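Structures given as structure tokens follow.
Two complexes are shown next, each including chain A; its partner changes from chain B in the first to chain C in the second.
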Partner chain A sequence: MFVLWPTLVVLSKSIDRASLFHVLSNSQLRQMLWFTTWQAVLSTIGTLAIGLPAALVLSRYSFKLRQMIRALTFVPFVLPTIVVGIAFASLAPTHYKSGPLPLILAHIYLNIAVVVRIVGNRWEKLPTAFNESASLLGARPFTNFRTITFPLLRNSIIGASGIVFVFCFSTYGAARVLAGPRFPTIETEIYRYAFYIGNMSQASALVVWQLLVILLVLALTYRQKNIFLSQRTLTPLSCERRNKRLAYFVCSSLVALVTLLPIVILFFSSVHSTQGFTLSHWQAGELWTSFLTSLSIALVATLLALFFGCSSAFAIAYSTQVKYQRMMQSLTSLPIVISAVALGLGYLLAFRSSPMNWRGSFWLLPIAHSAVALPFVVRIITPAAQEIQPELRENALLLGANPWKVWTSIDLPCLLRPIAVAASFAFSISLGEFGASSLLTRNGHQTLAMRIGQLLSRPGELLQKQAIASSCLLAFSCIAIALTVEYAMPLIRHKGKL
Partner chain B sequence: MKKYIVSLLCVVAVFSGCADNKVQATKKLTLLAYDSFTPTKGIFSEFTKKTGISVDVVLGGDTGQLISKAILTSGNPEGDVLWGVDNTFLTRAINEKIFAPYTSPLTKNMAADVIELTQPEGAVTPVDSGDVCVNYDKKWFSEHNITPPQSLADLALPSYKDLLVVQNPASSSPGLAFLLSTISSFGENGWQSYWKKLRANGAKVVDGWTEAYTIEFSGSSGKGARPLVVSYASSPPAEVVFSDPPVSKPPTGVINTTCFHQVEFAGILRGSKNEKAAKLLVDYLASTTFQSDLPLTLFVNPVNKSATIPDVFTSFAARPAKPYTMDPDVIEKNRSTWVDTWSSIALR
Partner chain C sequence: MTSPFLEISQLSFRVPGNALPIFDQLSLDVAEREIVAILGPSGSGKSSLLRTVCGLHSPSNGSITLRGTDITNSAPHQRNIGMVFQGTFLFPHLTVGENIAYGLKMKQFSKESRKQRVDEMLNLVHLANFSNRDVSHLSGGEAARVAIARALAPSPQILLLDEPLTGLDEQLRVDLAKDLREALTASHITSILVTHDRNEAAIIADRIVRFADLILPT
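Now for the complex of A and B:
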């Protein structure tokens, strides 16, 4: 289970090595830091404002297509940010194509899924008894939410905000397309210093600053496990009154529509030409070869991420020392904490001399992908593993079951759903990953995300259309994965009943 | 638990795969190139047939990334031959000693001004050239009954207000080339005031070529609002070759007096264990066969004079008579000052 740590340690070392002693005294850089921070704060607030109601509706109420809509909210998160950026830029009215506003909107779009997943997962498990008693005692719905639901959800909301903030703080693709050169963010500046100015020490100094801010935010938003959670996901409430149900349906359809709109627009422009309907952009052979490459890389990356993720999640969940738990938590967060530029360069430096001269190896890619996916896997599985009551295990041991038996008959069934969710996350992240891996040198096997980047960097309408078709294929695959998990889960849970 | 076993197996499979690679590595060269290196598939099979050496093309990001990574790994390179350092990065690459000096004898087929760039060090071999120029949307100008601008100075005229989109020279290679054009044209003392005028005239700055050309420019797929964009002299033929639906004439044109001349080079990376074979590969890259493939795949001009150039390229690609050029040493010496000054004029 410590196989990944050496990688990470080498990474952090290679970053130290490039001299870090530049102090930020430059007013332009300070301005840039300030912009990065406030746009991230606003983006986080906006994401919560839209994500929380969506999480409420999607996790608490049952209605037709609920699972479908929940799956859809998941898609923007895994689309390559450059694609989202271009979709937003082409949708935006002329004068709002670039600047802080479109950037913040794009961030909200990208991160709704984080809130829906993390908060929604909790919300699904909150016992309703307290709320019901409160209602009986005459509490109005708002009071009810403020005094009972919110305190119970607070930790997951804070956790989700932390992650959203981190993403918005280290934004790269969307910032390049949408914020433009007048509004550099920390990650675009790292990139610029590293690759265009060739000033590695300044780039490293920025990496460290970014690291500090992110670690601080993650530490502030790290919370111990929640109490008052029921073991199992509750059956979603069906709404009694028709019109209420309708309202929820409309509300969540809106969320789904908003997430889908850019994709639908992309799809139409991929099958539309001035001569009418055409599928020619979908028939390019390279599209499907790169799709297959993407799929196989994603498969390996998912397995790796699950392996390392589960081991670390169990290590965190089963350990009794808070200190150790915290350390493991922050270690497994490293891949989202370290800037993609630093991660890419880290791989370059870490694997350069024999016996570890693996640069350009095709399997460096799935490893990089699994590293990026690891924090999510850990964050999804750990709380679930923590929620298994130790008494269950102890009773089983007392009754004479061996540890293996305990694990397979108690832990595993409880964890099947989170593992499946984590797998879908990892798979989709690998499909769309275009940050760290775009910095890796790689051979002819192109992934879908790389192909999109390559096509977009050359003139010619045909190539642009092919890029759009590739983006659609990516989005559709993510939808398919999310749907599979949503619909297959009830079956697994049923089978896994104790 | 199944998952554990599967992933363990996977790791094992992956490691054994690595062992296989090592064994085959003897008769194989790695060609490192930028992401948009897209020659015809199988173009290296002729080379393999002749020499018995197979070529593995690996892509390493854009030119800036490629060079930065090559500098970081100087002496222990990621490949044997590097394709794609241009005259704006050449001096940095040579100063950082990333190349084992080699100039192909095939340079005798190249123009004198191209060969001159590789002197006196002789570290690299020129492989292609191209020009960064302002492109214009033909339809927009004919619909609005305005003649397209004729020079750099025209771009600052009121009749072309809010029409131009350029790239940030701090993060984009065409952006830097255009800045160098203006510096060559207006001189060390004049270019700042030109850019002040350009900014006042509503020139928009975006981060990179993709944003400028595919989002802001009105003449290509994005159908943006601006009919003038900094792009390449060879963008018009690309618009024809990759048109959808097919067209016979490009929708865009080139303003010939705004161009900056770029030359790209290939070199052997210092520390390559196959230097002898690498020389053969550099020769192949400069050969007629490979050079003739360049126009319609990379949309650049071959530098080998005996290469054949397809009609669609010759008829639509602009060949500016007197593009601006600059000594790579001068570029390297001043780049960061120029870019900083430019940022304070055009961005803040």
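Now for the complex of A and C:
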């Protein structure tokens, strides 16, 4: 109801053919559509160019601090896009504060983790014996990669490219800060038409075009068949040559440093004014009020996302009917296909008349956030639930456990970590959510991300610095959550009870 | 006195960061066209020896000479040494024929000669008409035969076999061992087999040595 219904309402509003074709006939909108597409294509190529070597080194080789460096490369993915936008705007030289270049660089930064995770997960399962056999049969290193490694990774590279393109095509926060008024993207235009101009039908028409491009890209990059390699992750190779080990360590440390650099620079900027060191930007009362609002909304959104996400994931994992599994997977993936701003617009249009006039309700925002987080929760928990061997449950049943006991004693312990990871994702997504919040936030319930947006839209160094301090607070919260799950979860040990 | 076809002299290998070597001061001579089986328990370092000979591991000491040429520091793809891995590891995205033709392609054989050689190899391992099969549809025995054919196809100077029949049932192992012996003799190829199965070694090899006997006593 909170995903499909708003989507259908947006689609029905755009059946107005004039608005739909106006996008193509209007040269400004056509240009905007073209810019959104080519910046997304370049961002995807750039992400692959950096992400693939990083995935290779981090998934295949063992070296000092590998685990920590790998965890650091995932930091940008949990950062709110508006924070990354502000970080890149502060880092860039004066003439490059906005425009295509900083936007593309920010997109690359945000999405490297997607490539490292998707392609790296597959690379970890690729037995080295394939490459070794090819090498012994005469293949030089590049031929070896071209004829063996690439074909076996192709589907995951194509899949990751599709997802990165979709994210770059529909990010709002980074585009709003970095694209600038000369280079609007489809997402910023949807917001402008809906919020500033009040032309809902034109905004809906843009949503439809956005949806069409995203669906086309996902259809082109979707690969059903993936050659089975191995279920288990293979032990990373230890390099025999010391200088090679050192090179891997240095290169991957550089990647990790680059991921942290924007945050560090943001922090120093937030405690520095023309008079020198100051904490005044961190002491604004609204900062902490907005932060508390964000935390409470994120908590409710996480609980909702976990409830709906776990239910959907279990329904997919435990179902034996492929058709039902596919239907559930498609439904829960909708919030990836339909962008956050479009979802917010759907909420505005769907819940504005009695008996569903909920536009001013406090709880609509956490629901919208949980809808945005839903696909991530489902995608993290479903494979983990599917990996539990049925024989384990059968054994427990034969040993006298009832179905509930089987679930709590077999499934749940195996799923604790994925559930915690999913919860941290949902919490971070809600904390930094900006697209849907921009359209749904009402007075008195301003989130931290919304506060950043408002501060940035007003001139003055003080307000800009307060926006930077707010961005730091968001970034630190997201990093703290990710690190807590990464390092605290392994400490939870099952206590033996006989 | 003629020098041996393959001469492994005082070879040592240690995993980086480990104080103890996997094997130390190991020496072995193999004559041309000879099939030598190295017997030893699991974990003794037999596979590491083969990986060092073919260049997948770098030795910490010692030398390897093939036909009088020192290959100790050559890259694996320059050594012209074939290897059959434990677990076969056929390329899963290629058909049986494409797997066998892979090494021929790397040596830039023409399309016709590749096809001819693939058919020849498939006949040698008794799998004629398997060329277009998907490797995921092969049984364990068939996969082992294809792995042997793939390694033999580019006519390597020497073939290394790392427990190639592991995981197959007893009768199949005996049958395959006989076929393997036949294929190796027909190809006139110098080979080193490592195994922990004395029967398998007896069927395939001309000479059996114990791994422990190759290492210089300290």
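In this section, the second predicted complex is superposed on the first by the 282 of 498 C-alpha atoms of A that agree within 3 Å, B and C clash if a C-alpha of one lies under 4 Å from a C-alpha of the other, contacts with A are read in each partner's own complex, and residues count from 1 in each chain.
Note that a contact is a pair of C-beta atoms (placed from the backbone, for glycine too) under 8 Å apart; a residue touches a chain by one contact, two chains touch by 3 or more.
Just so it is clear, the structure is predicted and the values come from calculations on it, not from any experiment.
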| item | value |
| --- | --- |
| Which of chain B and chain C A:N395 touches, first, second, both or neither | neither |
| Contacts of A:K465 with chain B and chain C, given as first, second, both or neither | first |
| Touching partner for A:Q454 - first (chain B), second (chain C), both, neither | first |
| Chain B versus chain C, judged by how many residues of chain A each one touches | B |
| First (chain B), second (chain C), both or neither touched by A:Q283 | neither |
| Touched partner set for A:N26, first chain B, second chain C, both or neither | neither |
| Touching partner for A:S319 - first (chain B), second (chain C), both, neither | neither |
| Residues of chain A that lie at the interface with chain B and also at the interface with chain C | none |
| For the chain C and chain A complex, residues of the former touching the latter | 15-17, 54, 56-58, 75-77, 79-83, 85, 87, 89, 91-93, 102-103, 106-107, 136, 150-151, 154, 156 |
| In the complex, chain A residues that touch chain B | 3, 86, 89-90, 94, 97-98, 176-177, 180-182, 188, 191-192, 194-198, 200, 273-275, 280-281, 300, 303-304, 306-307, 310, 345, 348-349, 352-353, 358-361, 363, 407-408, 412, 419, 438-439, 441-444, 450, 453-454, 456-465 |
| Complex contacts: residues of chain B adjacent to chain A | 1, 3-4, 6-8, 10-11, 14, 17-18, 21, 30, 32, 35-36, 38, 56-62, 64-65, 67-69, 71-73, 76, 78-79, 92, 168, 170-171, 205-211, 213-216, 220-222, 224-225, 231-232, 235, 238-239, 241-245, 299, 336, 339, 347 |
| Partner chain C, residues of chain A touching it in the complex | 127, 129-130, 132-140, 143-144, 147-148, 151-152, 227-229, 238-242, 245 |
